[in-house]
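Next up, some structures in C-alpha cells.
Two complexes, one shared chain (chain A), two partners (chain B, chain C).
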Partner chain A sequence: MSFAAGLWGTLVRDLPLIYPQLLILVAATVMLWPGDVFVPKGGKGQWAAVTVVVLAAAAFLVSRTPSGMGFSRMYQVDGITRGFQYLCLAAGIITVLLSQLQLNLHKDQSVEYYALILYSVTGMLFLVGASDLVSVYFSLELMALCIYILVAYFREQERSIEAGVKYFLLGAFSSGILLFGISLLFAATGGVTTNLADLNEKLALLPASSNLLVFLGILMVLVGFCFKVAAVPFHMWSPDAYDGAPTAITAFMSMAPKAASLAAFARVFGSGFGGLHAEWTAPLAFVAAASMILGNVAALRQQTMKRLLAYSSIAHVGYMLLGVLSSNVPGGVQAIWLYMLTYLLMQSGAFGIIIYLQGKGEGERIEDFRGLARTRPVLAFAMMVILLSLAGIPPLVGFFSKFYLFKLAIEQGHVTLTVIALLTSAVAAYYYLAVVAAMYFKEPAEGEVKPVSGITSLVVGMSCALVLAGTLFGAYLLDWAGTIL
Partner chain B sequence: MVETFLAFIGRNLFLVFGLMAVGGALALVFSKNAVHSVVGFLFSMLSVAGCYLCMSAEFLAVAQLLVYAGGIVVLFLFVVMLVEMTKFKEKGLFQSQTPYALVAVAIGAAAIVGVFVSTWFTKSADVALTLDPGLARGLDVAKENSQAVSRGLFAGYLLPFEILSVILLVALVGAVTLAKKERV
Partner chain C sequence: MASMNTVLFISFLLFSAGVAGVLVRRNALVILMCVELMLNAANLNLVAFARHAGTVAGQAFALLVMGLAAAEVAIGLALVVALYRRKDTIQVDQINLLRG
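Presenting the complex of A and B:
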C-alpha cells in the first residue's frame, strides 16, 4: 500500500514537468477518435487550424513549466530543454502551414497527417529533456517512427514510398546500433544505471581494462546519433528521403528532428560522457569535418532544389557538431541553439518558396528559379535574402550564428576544423549564389505566373522579415540566447 | 569427457542460448524460403527466452514465449501465406557492393570480438535483474520476479513505458495511414 501511495505521490509531483507533452498527446488522440468522426469528408483541412492552436498552446505551457527533474530522473526541464522545445514547436507550426498548398492540390488532407506531426513533436519534446539513455532511446524512436510514415505519405508516388522504406530500414538499423551501444555502456558500468549523470560518475571510476568496451559503446552511441542528424558518413538516407518526402515534411525533417537530436546529442555527450571527452573528440571531429566537406561539395552538383538543401543541411549539421565538440557544454549548446533558430527561419522561408514554385510536384529544379526576379520580384528578393543568409554572408543573421559557433570552436582549440568550416562556407556561398544568379540574371521560362497562396506567402514573409530583423540585432543575439537557455 | 562437456555447458548456458539465437537469426536472413525464415525467427526468439531464463528473469522469459512464439510468429506465418512470395525469387542476395560490405562487416565483427575477448564480461552478466535499491525495497528480486518487473515498469521506467505505448499507437495509425483505401 505504502509503495503504491508513494508511486502516486511522485506521479503527482512530476506531472507538471510534462504538461506540454500531455496536452499534445491527448489532443492528437482525441483528434483521431472521436474528433475525426464529426468532420465531414473534404473538410479534413480544418484539422490544420486545430493543430496550430494545440502547438501554440503547448508552447505557452512550455513557458510555464517549472524547472526540475522527475520520473526517476528520466526527464529534466531546464533552460536548454525549454529553448529547444520552442524550436520544435515552432517547426511544427511552420510545417503545418507549409503543408496546406501541397495537401490541397493532391486532395490528400487527412487527420492522421496532423496527428502524426503532433506525435512526432511530442517525441521531440521528450527527447530534448531526456536525461537517461533509456528515455533518450524511446523518445528518439517516437520522433523517428512518425517521420518514417510521413515521408511515405504520398503513397501513390513511387518516390515517396521508396524514400519512406529506405529511411525506415536504415533508421531501424541505426537504432539497433544505438541500443547495442547503450547496453554495452550499461554492462561496462556494472549494470546498475543508465542515468546520464550517474553514468558519467561511474565511467570515471572504471578500471583501464574495460576502456575498450566503453570506447566501443560510446562509438556506437555516436554512430546512432550521427545517423539521426544525418552526418557523414551516415548521411546516405537523407538526400533520398528529402527528395521523396512531401515538401513540407522535407522542411520538417530539416528543422525539428535535427534540433531535437542535436540537443540530445549535446546533452548525452556533454553531461553523460563529458568525463571521457578525449575518447570521442577524435571520431566526432572526423564526422564534423567530413560532413562539412562532403555536404558542401556534393551540393554543388545538384540539379533539384530539395537535394541541394538536403546536402547543404548535412553541411550545416557539420557546423553545429562544432558546438557538440565543445568541452564548454553550456556555451556549445547556446551556439547550437542560436544556429538552429536562424537555420529554422531561413529553411522555412526557402521551403515556402520551393513549395510555391513546385505546385503539383514537377517544378522543383533549380532551373525553375530562372528569371524569378522578373516575374515575382518580391519573392525573388526574399529568396535572395534567405539564401545569402544561409551562405553566411555578413551582415545577415546567418553570418552571426556561424560566427558564434566558429569563435567557440577556436576558443576550444579546434583550429583545423574551423579552417575547414570557413573554407567550406566559401564553397557553400558558390552554390547558393548560383541560385540567386539564376533568379536575377537569366530569362524567365515561358508560362503563366502562378498566384501566391496566402499562407505560404505569410510564412515566407515572416521568415524574411525575421532574418532581416535578426540582422539588425546580430551582435546581441548570443547574449539573448544566454538569457533564454 | 562427456561429464566435463556437460558441466561446461551447464556453466555457460547463456552462451549456448546466445549462439542458438544468432544461428536462428542467420537462418532467418539467409534462407530462400519465407516459411523457413519464420521458423528461424521462432528458433531465435525461443533461444532469447532461454537467455532470459539464464539471467533468472522468469517472467520475461514466459512473456517472450507467449508474445513472440505464440503471437507474432503466427502472424508472420499468415502474412507469408497471404503474400505471394514467388515474384521476389529472382532477386539475388548478392550485388556488386556485396564484397565491400562483407569486408567492412568482417573488420567490424573482428573489432567487436576483439573488444569482448580483451575485456571479457565482468560481474554484470550474473546479476539477476537490476532494480534501483529504492524500488527493490522489501522485495527479493531474484525470487519475486514479476513484482520486480512491475515495479520497474510502473516506478523506475514509467516514462519510457508510457512513451512506448504511444509508439505502438503511432505504429497502428501509420499502418492505417499507409494502407487505407481512400483518403479525403
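Presenting the complex of A and C:
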C-alpha cells in the first residue's frame, strides 16, 4: 500500500514535467480511435488542422513547463530541453503544412499520417530531455520507428518502400549497436546505474582494468548516434531515404529528428561522458571532418535537389558536431541550437520550393530550376536567399550561425577542424551557387504549369522573411540564444 | 569477477554473430533476425550485471528492450511484406532503384 502511495505521489509531483508529451499522445490516440471511426469524413485536411492545433498547444505547454528533474532522474526539463522542444514542434507544424500539396495530389489524406507525425514528435520531446541512457534509448526508438513508416508511406511507389526498408534495416542495426554500447557501460559500473550524472562520476573513478570496456561502450554509443544524425562513415542510408521518402517527410527528417538527436548527442557526451573528454574527442573529430569533406564533395555531383540537400545536410551535421565536441563547455549546446534553428528555417523554405515545383513525384531535378527567375521571379528570389544562407555567405543568417560554431571550436583548440570546415564551406558555396546560376542565367524549359498552393507559399514566405530578419539581428543572435536557453 | 568475464565473452560472441549476419546475409528477414541477436546480446549483459549487483533496474530495462524489439519486428515485417508485394523479392541486394 505504501509502495502504491509512493508511486502515486511521485506521479503527481513529476507529471507536470511531461504535460506537452501527454497532450500529444492523447490527441494522437484519440484521432486514431474514436476520432477516425466516428467523426464523419469532413473536407480534406481536417486532421491536418487538428494536428497543427495540437502541436501549437504543446508548444504553449512547453513554455509553461517548470524546470526540474523527475521520474527517477530519467527526464529533465531545463532551458536547453525547452529550446530544442520548440524546434521539434515547429518542425512538426512545418511538415504538416508542407504535406498538404503532396497528399492532395496523391488523394491520400489519412489520419495515420498525422498520428505517426505526432507520435514521432512525442519521442523527440522525450529525447531532448532524457537524462538517463535508458530513456535516451527508448525515446530515440519511439521517434525512429514512426519515421520508418512515414518514409515508406507512399507504399504504391517502389522508391518509397525501398527507402523505408533500407532506412529501417540500417536504423535497427544502429540501435542494436547503441544498445550494446549502453549495456557495456552499465556493465562497467558493475550493474548499478545508467544515469548520465552518475555515469560521469563513476566512470572517472574506475580502475584501469575496465578501461577497455568503457572505451568500447562509449565508442558504440558514438557509432549509434552518428548513424542517427547521418554522419560519415555512417551516412549511407540517408541519401536513399531522403530521395525515396515523400518530400514533406524528407523535410521532416532533415529538421526534427536531427535536432532531437543532436540535443541528446550533446547531452549524453557533454554531461554523461564529459569527464572522459579525452577518450572520445579523437573519434568524434574524425567523424566531423569526414562528414564535412565527404558530404560537400559528394553533393557536387548530384542531379536531383533532394539528394543534393541530403548530402549537404551530412555536411551541416559535420559542422554541428563541432558544437558537440565542445558540449562540455558552456555555450556549446547554445551554438548547436542556434545553428539548428537557422538550418530549420532554411530547410523548410528550400523543401517548400521543391514541393512547389514538384508534380507527382517528378520535377525535383536541378534542371527543373532552369530559368525560374524568368517564370517565377519571387520564388527564385526566395530560393536564392535561402541557398546563399545555406552556403553561409555573409551577411545572411546562415553565416552567423556558422561563425559562432567555428569561433567556439577555435576557442576549444580544434584549429585543424575549423580550417577543414572553412575550406569545405567554400566547396559548398559552389554547388549552392550552381543552382542559383541555373535559376538566373539559363533559359526556362518548355512551358509547363505548376500547381499553386497557398499553404506552401506561406511556408516559403515565412522562411525567407525569417532568414532576412535573422540577418539584421545576426550579431545579437548568440546572446539571445543564451538568454532563452 | 571471473563469471562476469564469461558473461561478457558470451555477449560479445552473440553480438559479433549478429553484426556479421547483418553485414553478410542478403535476405531482409535474416538481417532482422541478426538484429534481434544483437539486442539479446545487450539484454544478456543487462540482466547478468543487474543480478550481480543485486538491483532490478537492469532487469526492467531488459524487459522493456524485449517489448521494443517486438514493436520493431512488427514494423520491419510490415515493411518487408510491402516490399515483397511490389518487387517479389526480399533480397536486399536486388533493391537498388535509389543510387548515387
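Going forward, the second predicted complex is superposed on the first by the 472 of 485 C-alpha atoms of A that agree within 3 Å, B and C clash if a C-alpha of one lies under 4 Å from a C-alpha of the other, contacts with A are read in each partner's own complex, and residues count from 1 in each chain.
Just so we're on the same page, a residue touches a chain if its C-beta (ideal position, glycine included) is under 8 Å from a C-beta of that chain, and two chains touch if they have at least 3 such contacts.
Computed from a predicted structure; not experimentally measured.
Of the two partner chains placed by superposition, A:L372 touches none, neither chain B nor chain C.
Counted by residues of chain A touched, the larger count belongs to B, out of chain B and chain C. Applying the stated contact rule after C-alpha superposition, one finds that A:L7 touches chain B and leaves chain C untouched. Contacts of A:R155 after superposition on the shared chain: both chain B and chain C are touched. Shared-chain residue A:S183: touches chain C; no touch with chain B. In the superposition on chain A, A:L145 makes contact with both chain B and chain C. Of the two partner chains, both chain B and chain C are touched by A:V192. Of the two partner chains, both chain B and chain C are touched by A:V134. Residue contacts after overlaying the shared chain place A:L212 against chain B, while chain C stays out of touching range. In the superposition on chain A, A:M74 contacts chain B only, with no contact to chain C. Across the two superposed structures, the residue set of chain A contacted by chain B and also by chain C is 134, 138, 141, 145, 148-149, 152, 155, 186-187, 190-192, 213.
Here chain A touches chain B in the complex through residues 3, 7, 10-11, 18, 25, 29, 32, 41-42, 44, 71-72, 74-75, 107-110, 112-113, 115-116, 119, 122-123, 126, 134-135, 137-139, 141-142, 145-146, 148-149, 152-153, 155, 186-188, 190-192, 209-210, 212-213, 215-216, going by the rule given at the top. Of all the residues in chain C, the ones that touch chain A in their complex are 4, 8, 11, 15, 18-19, 22, 28, 31-32, 35, 38-39, 41-43, 45-46, 48-53, 55, 57-58, 61, 64-65, 68, 71-72, 75-76, 78-80, 82-83, 86-87, 92, 95, 97-98, 100. On the chain B side of its complex with chain A, the touching residues are 111-112, 114-116, 118-119, 121-125, 127, 130, 132, 137-138, 151, 154-160, 163-164, 166-167, 169-171, 173-174, 176-178, 183-184. Chain A contributes residues 134, 138, 141, 145, 148-149, 152, 155, 158-159, 161-166, 168-169, 172-173, 176-177, 179-180, 182-184, 186-187, 190-194, 213, 239-240, 243-244, 302-303, 307 to its touches with chain C in the complex.
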